[in-house]
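Paired with chain B in one complex and with chain C in the other, chain A is shared by the two complexes that follow.
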Partner chain A sequence: MATKDTGSILSRLPRVEAVDSETRDGVLFALPYLLVFSVFLLYPLLKGLYMSLFDWNAFNPAQSEFILAENYVRMLGDPAFWAAVRATALFVVLTVPTLVGLGLALALGVNQDIKGKRFLRTVFFSPYVLTVSVVSLIWAEMYAPQYGPINYYLELIMSNPPAWLNSFTFAMPAVALATIWWTVGFNFVILLAARQGVSERLYEAARIDGASTWRAFKDITLPQMRPAIVFVTTVQLIASFQVFGQVFIMTNGGPGNSTQTLVMYLFRVAFRQQEFGYAAAIGYFLFVVLVGVSLINYKFVGGSD
Partner chain B sequence: MSSRISNRIGRPEPKTVGLYVALYGAALLFLTPYLYMLSTSLKTEEFAFSQQPYWIPPEVTFEWYQAVMQGVPILQWLINTLIIAGATTIIVVIIDSMIAFSLTKLDWPGKRIVFTVIIASFMVPIYANMVPLYTIISDFGLLNSPLAVILPFSAIPIGVFLFTQFFKDLPDSVIEAAKLDGFSTFQIYLRIVLPLMKPAIAALSLYTFVYTWNQFLWPLIVLQGEMSFTLPVGIVTTQPTQVFQPGAEMAVTLIAAAPLFIVFLILQEHLVNAVQMQGTTG
Partner chain C sequence: MSMARKRQGVTPSSRRKFVKIAGAAGVAGLAGCSGDSGSANGDSGGTTTLQYWTLFAGGDGEAMKTLVDRFNEEHDSVQIERQRQPFDEYYDKLFTSMTGGDAPDLAVFHTPQIQRFTDALTPIGGMLSDGAADEYVNSIWQETEFGGDRLAVPLDTHPNGLYYNKDIFEEAGLDPESPPTNFEELKSAADTITAETDKQAFSPDPYLRFFVRQFIAWQNGRGGEFLNEDNTEAAFGDDNGVALAQFYHDITNEWGWDRADSTDDRGTKAFRSGDLAMTINGTWYYGVLEEQDFGWGMAKPFVAPGQSAPQTWANSHTLGVPNSSSNQEAAVEAAEWITQNSLEWGTEAGHLPAAQTVLDSDDLRGSNVWEKTLSTFSDMAQNDELSYMPSTENNENYTRPVNNAISQIYSGQLDPEEGIKQAATDVTNNLQG
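Our next item is the complex of A and B:
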């Protein structure tokens, strides 16, 4: 492509040639990921917005009808959607504060001068490597009213223990408890690392000043660990908003629709009722809420980083 | 160290006892679901359905393990899961390290925008993309194929983010020196950057493997035939026995949990590091 002339010009301007080959290599090295990223992440994101504006025909997309914002209007007036919002909010409230608080308590405990640190860390972290199916199947049996161990022990101290997964009141707390067992280890190890990163000199200084343990916790531990606490809170909020596997396996959304969360409702609308346009609208709504929650969390709770 | 603070205050003893009771008590509670799974999988039907929880089965049977091996294609599910998690991990490590190298050590127009778009897409949950992604996978004719899971999970940007954090700390002088020695860009990436980044690669590999292995919702959507299931999908969609049996359910659960749990016990330092790295770089 290059003639003899331009070749000689380029050789007289070595910097231009260097930049060119670096640009070429830079793009070549970025290309494989960018391809996968564009096709399987960016493109679906745009296609989802597009689909949400149609009464999408899952079997023959060409026959889809453009309906502008009708899916979103329908969503706002859909009682099942709002029930799913309430169920999701309940799950978030039942899990996030406990997951962060218990994770912090375990981290501060294991950070103390005690024997068996490694053993304790292994035990508290281990459920995190299980898949949601394993967790749900074990807990579903433990909650079983007829032969499960939980109600056996409860019957020793109360006459009528709850039917857990079959109870309108207790199904969601039961799912939340299983979830806490499953994922608190993630917060625990991150907060443990953050606590170990706090300079002991700060505690020495507090000790010399005669500060109480509570003061040291409030004035040193909490502020120093703030970025890590904000991080795990954000991760847990996002994870809990998207809860699916636990409810799908343990309750299938029941009893009634009392544990049908947003992602589960989305799954039903899309893959049981084949309403892809409406499901895409719900998906977009979920996405916007997640971005909003993360931003609010970082802006107002986070402060730094 | 903070125990020294309590020493100063002067009542360390009951506090320390309380701490031990709380932590080891919590550990015991954390272990009971494992014990329940193991003991129930070894119980005869009579004891499995018994009201009284026999934590140690009075009579040990392996019939449920036999029933699982005969009743469901669990080895096929194991192989499928291994292929999906393994391939995703290899692809992620290769393409994420390549682009991270390009974004941190090579200069080209537009790379800032590219980086910003990738980091912003962190927020996109795979669930929000569920429906459009399904139509794309279906259009490609990939339903039921391991690629239906491998490709979307290879697009997740967390590895790009982690690698750029680590590659940034690699001194430019090392790369300049290699250039002067006549190394090509590819040789620099392969012979200098990758060997120096072994810890980051190990951490990301392990994290990606575990993350992909455990996925439930997406494989449930795109893998629809029993022979294409992964372990997490298979064990909840297919019952190992005609009639529900707690022992058989726990046997299939234990078999599904065992491989990754053993990997965890061997490599837990690395996995803990991988998780902690997210917290400190995030």
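Our next item is the complex of A and C:
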């Protein structure tokens, strides 16, 4: 009895040690990321939630006044906030479907056996390596009314081409177009990789069964590429909801407040109006919207896994 | 299989340890964030180095460099390290630095911005040398005091003037030495230029995004008010404001003096390239225009309709000391020195110095800039024809609605009366919100 017990304890001992060293290694491996995660994500996230409950005094945080949900109530009654929501929604509608659809079209096109495939791949992807300020400045010059190339050529065929970035009608579409040019390459590359992952045997089988190109696209390409399309759509939704740099540089939210998106409004509230508590509340609204949109996207479009 | 191994590995005790370690790491990380800015003061080997932030570019930047270089040459124990921040981001950066406790020792502030930073600026009245107040032009000195506290010393005042291209005047058959002095003369000159040349005749704001500046002055010039007396309500939604809004509308949409297009900086590009005959801009335009190859002149910008008590927009650059600075005495001394030795600020940058002795000096009065622009600016200052922007808790509360409205009225996208009245409502809401 006693011998058996001792034996079992002894036999267990090394295992306990093994678990501990495994945990230690795990912690060590996770630590660098956890550090970065805590300092740059978790802490600001919690601090933001905390700040959103205060009339925050940026110069003397200790003097901030606790006001519970007042910032959120104010937000719901703030016309400028709702204008920003509408502007953001417009930008999302103008960019996301086109970016995903065009990305898919380009990917399928380049996947064909055509000449200059590699060249096209580079061309479509290359704008993506530019920074937002470079892209915005280039397009601001392109759109410039008197001296920009677009209007220069338009003036040859029409008398008064629009001042694109200063027009209520065209400012947001103009920013959207620049954004599409800039980022479609990312979607293109992801979707091209996904398309190349689809087994050619499926298409072969479909051809033998007499399926049309459309049928093959609908029943093979789309379902097979679904995870990649959902991924690209989700990433794109998040990026478009958070649009800031392009509007900040190209239009500064104008004309009027027609291109003032949520993040831009948040920036103005925080750094120009010095109302960090209210800005944090707006940030939380955006956070909730993004989590919601992503979940819906995965649940209804994403399907399995 | 691997899942099962992982699960096995995480026992309650190891999870607790993990949380402990992660928690400790987190705390260490956060402690690092709070920083210890005190360790980074400017004292090293008896020399105090002052961090000095400015937003000056172009001619202004050069002139400020000259002043700072001269300061550093004449001082041993205190040296200034000048850092130029981009104009458009200046106050955002300054604000962020002040909330982070990492502000410079000395910084430039436009007068109407000071109130926003009241809580983060040191009252410097007690640190100034005796009789400092008498060394500055009185009206400017008054403008830079807030609630009884002296928060900054003024460097200059920089009013608006009407700049015009003499070559275009000649091309249109106008006398280049007789710029318009009132609305009727402006109308006649601009109509002639529009008819006789292919140039644009007049733009009230070359940047097409700071309309509010001269609007305030013109509103005052009509005998109206921009805000009510205690700055709690907009007052420009009256007949005066509507008449001015109509003026902005007519310039582009009725008289064809300029394009109906408020794209940023379009006017200043056109003026510099010799495609725009007249525009209204600040003192700093002197340095820009001296480098152009056309003849130019400057006059008082009292050219809006109904200017019975003419006014022009003015602002001042001032120097303030953030209260996080550990070198406040030295910073105040430097601020006084720079503002009192500011000859180049006038002769090179074209601003009206706030120091009385510099303003009265022969060096300034005999200079080219005095003849070209400063004598006219000085004249307007002496006649009390300068309108400063009202100081409120946050000036964006009124600048943004007004700039937006006039920009759209100017580009023909908004009805003038409706637009300016809506702007007035928005401003009132912002001021009371």
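Definition applied: the second predicted complex is superposed on the first by the 289 of 305 C-alpha atoms of A that agree within 3 Å, B and C clash if a C-alpha of one lies under 4 Å from a C-alpha of the other, contacts with A are read in each partner's own complex, and residues count from 1 in each chain.
Everything below uses one rule, namely that contacts are C-beta pairs under 8 Å (C-beta built on N, C-alpha and C of every residue); 3 or more make two chains touch, one makes a residue touch a chain.
Keep in mind that what you see is a predicted model, and the values were worked out from it rather than measured.
Within the superposed three-chain model, A:146 lies in touch with chain B and with chain C [touch as defined at top].
Applying the stated contact rule after C-alpha superposition, one finds that A:26 touches each of chain B and chain C. Set against each other, chain B and chain C touch different numbers of residues in chain A, with B touching more.
Contacts of A:203 after superposition: chain B is touched, whereas chain C is not reached.
Look at A:112: by the touch rule set out above, it reaches chain B but stays clear of chain C. In the overlay built on the shared chain, the residue A:255 is in contact with chain C alone; chain B does not reach it. Once the two complexes are laid over each other on the shared chain, residue contacts for A:213 go to chain B alone; chain C is not touched.
Contacts of A:34 after superposition: both chain B and chain C are touched. Of the two partner chains placed around the shared chain by superposition, chain B and chain C are both touched by A:43. Of the two partner chains, both chain B and chain C are touched by A:271. Across the two superposed structures, the residue set of chain A contacted by chain B and also by chain C is 19, 22-23, 26-27, 34, 39, 42-43, 144, 146-147, 271. Within the complex formed with chain B, the residues of chain A that make contact are 19, 21-23, 25-30, 32-34, 36-37, 39-45, 47-48, 51, 61, 106, 109-114, 116, 119-139, 141-142, 144, 146-149, 152-153, 181, 186, 189-194, 197, 200, 203, 206-207, 211-213, 216, 228, 231-232, 238, 242, 244-245, 248-249, 263, 266-267, 270-271, 276, 279-280, 283-284, 286-287, 290-291, 294.
On the side of chain C, the complex with chain A involves touching residues 8-11, 14, 17-18, 21-22, 25-26, 29-30, 32-33, 91-92, 95-96, 98-99, 116, 119-120, 209, 259, 261-264, 266, 269-270, 394, 396-397, 404, 407-408, 411, 413-414.
For chain B in complex with chain A, the residues that touch the partner chain are 1-6, 8-9, 16, 19-20, 22-24, 26-27, 30-33, 36-37, 40, 48-53, 91, 94-96, 98-99, 101-103, 106-109, 111, 114, 117-118, 121, 123-125, 127-136, 151-152, 154-157, 160, 185-186, 189, 210, 213-217, 221, 231-233, 235-236, 246, 249-250, 253, 256-257, 260-261, 263-265, 268, 271-272, 275-276, 278-280, 282.
Put simply, chain A touches chain C in their complex at residues 19-20, 22-23, 26-27, 31, 34-35, 38-39, 42-43, 57-60, 144-147, 163, 165-168, 252, 254-257, 268, 271-274.
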